[in-house]
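One chain, subunit A, links the two complexes that follow: it is found with subunit B in the first and with subunit C in the second.
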Partner chain A sequence: MTPKNIIFAIVAVGLLIIAPLGQGNYITYVLCSWLLFSIAAMGLNLTLGYAGQVSLAQASFMGIGAYITALMTLNGIHWILAMPCAVAATFFVGLVLGYPALRVQHHFLAFVTLAFNTLVFLAFRNEEWLTGGSFGLVGMPRPDFWVFSTMKQLPFYYFTLVCFLISAAAFWWIVHSPWGRAFKALRENPIRANSVGVDTRRMTLLAFAIGSAFGGLAGALMTPLVQFIEPGSFALVHSLKLLLMVVVGGAGFFFGPILGAAIVILMPEVLRFTEGYYLIIYALLVIVLMVYSPTGLMGLGGKVITRFRPQREVRKDMVQGAQL
Partner chain B sequence: MPEFIQIMISGLSAGSIYALAAVGFTLLWQASQTINFAQGEFVMLPAFFVLALMSFAGFPLWLAILAAIALSVLLLGAIFKRLIVEPMISHGTLPLVIATIALGLLLKEAVKEFYSPLGQPFPSLFPQEVFVVAGASISIPDIANFIIAMGTIIALQLFLQRTRTGRCMQATAQNPDVAQILGVDVKRMVLYTFLINGALAAIASVLITPVYLAKFSNGEVLGVVAFTAAIVGGFNQIRGALVGGLVIGVVDNLSAIYFSAEYRQAVPLILLIVIILVRPQGLLGTAEGRTV
Partner chain C sequence: MSETILSVRNVSKNFGGIQAVREVSFDVKRGEVLGLIGPNGSGKSTLFNCVLGQLKPSSGEVHVNGRNVAGMRACDLNKLGVGRTFQQLSVFPQMSVIDNIILAGQEHHGTMLSRLFGPSDAGLTAEAEQMIAFFRLSHLRDELAGSLSYGQQKLVDAAMAFMAGPSLVLLDEPAGGVNLTMLGNLKERLKTYNESHDTTFVVIEHNMEFVMSLCSRIVVLAEGAIIAEGTPDEIRNNQQVIDAYLGG
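For the complex of A and B:
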């Protein structure tokens, strides 16, 4: 980390701390939701943006995490114990979903994960004895940490923020560790990666497992935030939404998915005056963005910067970008 | 047994319509490596063209259908290619996938906002009569749908194999560079593929919508069915997509009756996963060079 990065990180954290002050409950809720979707999108960014493995199943991992947390906390187990279970479970399910990626790639992998997401959705909807079926589960308690209760919206925001910062730090560490480089090598050229000694099999599985675990954590946070979960919140559309967050923000960039989640979650509030046309405007913007800047908003920002400061080098590992 | 025959026939009828959507999907993939995530919405939309033309312009049904097919050839074929696929084709597949997802969302929301969020009844094209053969009651729309869908696919297949243009299109799909060297107008051939996809989607739409209601969310299910059919059959073959569509239609109907209505949707998806893992080229497909 250069000093510039550290100053930037401190300013960003400071802004996140003061963001909800003086805001109503609803805005605080939206900010919480942004933070937790950022966590899920970060996970997908690891799988898709860094390791180049297409996954259309991130919402199902949020679902698995959310249901495990809900069932455990409803049975009186504290969130702090339920969350690791949710993360561990999604890690292992993600590992299993990684196996098809060893055999097939690109569009085939997209369809396997798409089918997986729908299967998980059907299980949530049909196994009423466990998941409450299409009525979902209600009344999950928010965690209470003895001196710090998250029952109110503002404390819950800070609780989510802490989880978000820990995840972001973990993510930063992963992508800047040798593993991160191995993931990128896997994306750019698997054969070459293999020949220089990267265990591509293990890295592929890990990319899925770690990415899914982030989804599980996001789900574990969603349960106490919304206090109501139902299968529809984890349907295929939401996986596509997460995919849009990652790609619109900029796949393979650290801040890409956070920016993408901000656009998907916060923009409806900004564009509230357009009423029902919000999604239409959003879809049009995504299409236009993809035409002009396939690397997303981060890539667009990069383009603008290179225009004014032409000496800036384009990141060589992003020349090719994530491919399907 | 009569029940089984009934299920088979309604399955084949639905399956032949799925095959129309799947064939279009396959054609786009072959011609331009476009994975069209909006294919479901492409099948949802033309039914609303028909409804809008009938109620606002006062067209009779048959004229409205013809006009809807023409409109979707123009909008979902030519305009889609010109405005979305063409500028993005050089960026690789992922941005295009994202753009088609966004396009699907756009079409769905536009129909919801500008037409109606509620299911609209759609006029049936054929008399709703049922006749009984060997104890099995067979409905006329089922048979008619099957005949029209199969007829369309056979006509398309003949066009691709027997005409000069069709063979040029096949050459373009197999190897655009060589086709170009041999004097094929590759761009024009790719455009034709998109036009054909628009027409196929419109025909599928007109056939399938009377079965359900015309609703903005119809595309969600139809899109997944089209991908599934295309992959199960074989991503790079028209007859693969045809077989895939029929298989999915029959499996879907059989599992609803004999397995579990709740998990009906799951069976084709499990089939999809098994096929991808065991035989990625599909039932009838030929192996493409595997890109690692």
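For the complex of A and C:
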């Protein structure tokens, strides 16, 4: 980390600490929801943005994490024990979902993961004995940590913030480690990566597993935040929403999904005054952004900076992968 | 000099109706620099890909250090000490030059866990910098590899093949698009490596000057089959080769 990065990180954390002060319960709730969706979107960013593997199943991992946490905490097990179970379970399910990615890519992979999300949704809805079916599960407690109770909205925000900061640090570490380099290599040119010793099969599976585990953690936070979960919260449309967060924010950028989650979660609040036109305006903004800057808001920021300080760009005339 | 490091035995490869490689057999001894030449479409790249686990031969066997490597994945072959370059540009365009080179070495250092928890450069920055200095790319250290010119990207590609200290390197048209000075430099690097590390090379190249002065032995392919094999002098004077490839 450069000194500039450290100062930026301190300022950002400071802002996150003071953000909910003096705000009502609802705003604090929206902020919590932003942080936890950021965690899930960060995971998807690893799978999609860094490793280049399309996934339309991130919401189902949030769901698996949320249901595991709900069932365990309803049975009197503390959140601090339930959460690791949720993370571990989603890690392994994610690993299994990675197998199709070894065979198919791009839109075919999108369909496989889409089918998986639907399957998980149906399991939540139909296995009433376990999940409560369409009625879902209610009354999950918020965790106490000795004297620190997260019952109230503000303490819960700080609890979520701590989880968010740990996730962000872990994510930062992963993408800056040799693993991160191997993930990017997988996205850029898998054949070349394989020929310089990157075990592309293992890295593909790991990209899914780790990305899904972030989703599992987000789910583990959603359960005590909402205290009511139902299958509809983890349907395909929510996976698309997470995809939107990553793409709008900027896939493959550290801050992309955090920014994207802010837009997707906060935009409805900001555009509330437009009433029925909200979705139309929203869709238009996304289309304009994608046309002008396919790399999302982070890419847009980059474009503005290059206006003033021209940098080198990848040459479009010579980008061709290793052909056999 | 007598130990066989690479042995290709009766390798054939069909793409549907096209027989790209037909019953090709040859041996490469440790420390040798073998040239592989032939007209475009004669199956040279396909043969490389069969040797390197990128394609599965339709029939035949490939042995590296006496070990049958049929069906072995490219990454495992690379860990056995086999490096390569591709005919087409194949760098990682959105990564910096130094990251490209570090990547090519990192999987040979430490364990899976040390690559997650250890230093972000896997301790390879100094070594990678030496490598790019040798290829005279130091001024481009932090540029995106995809922003480099064609010749520069070819050099990054070659540098990657050397990064893991391989004992056998297969180069597919390394000189294409590389300027004359750099070409001499590349030849010198191959020679140095060959002498100091006893590294074995198989080189596909259309630049005859480059092939003739570098290689100790040459195999000529035409329409997927070997039509001649011998020293540069023998090849230069072989009538069949002149007809099929060198031309008048």
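As a convention for this text, the second predicted complex is superposed on the first by the 310 of 324 C-alpha atoms of A that agree within 3 Å, B and C clash if a C-alpha of one lies under 4 Å from a C-alpha of the other, contacts with A are read in each partner's own complex, and residues count from 1 in each chain.
The criterion applied here is as follows: a residue touches a chain if its C-beta (ideal position, glycine included) is under 8 Å from a C-beta of that chain, and two chains touch if they have at least 3 such contacts.
Source: prediction; values computed, not measured.
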After lining up the shared chain so the two structures overlap, which partner does A:L243 touch, if you call subunit B first and subunit C second: first, second, both or neither? first
Regarding the shared-chain residue A:V198, is it in contact with subunit B (first), subunit C (second), both, or neither? second
Figure out whether A:H176 sits in contact with subunit B (first) or subunit C (second), or with both, or with neither. second
Is A:G276 touching anything from subunit B or subunit C once the two structures are fitted on A? First, second, both or neither. first
For A:A185, decide between first (touching subunit B), second (touching subunit C), both and neither. second
Is it subunit B or subunit C that touches the larger share of residues in subunit A? B
Interface residues of subunit A shared by subunit B and subunit C, listed 191, 320-324
Which residues of subunit B touch subunit A once you look at their complex with the stated criterion? 35, 37, 84, 87-88, 91-99, 101-103, 105-106, 109-110, 112-113, 220, 224, 227-228, 231, 235, 262-263, 265-266, 269-270, 272-273, 276-277, 280, 291-292
Over in the complex, which subunit A residues touch subunit C? Could you list them? 174, 176-182, 184-185, 188-189, 191-202, 252, 312-315, 318-324
So in the complex, which bits of subunit A are touching subunit B? 54, 100, 103-108, 110-112, 114-116, 118-119, 122, 125-126, 190-191, 236-237, 240, 243-244, 247-248, 251, 276-277, 279-280, 282-284, 286-287, 290-291, 294, 320-324
Quick one: in the complex, what on subunit C touches subunit A? 45-46, 49, 52, 54-55, 73-75, 78-79, 83-84, 86-95, 99, 102-104, 106-108, 112, 115-118, 120-122, 143-144, 146-148, 150, 153, 160-161, 163-164
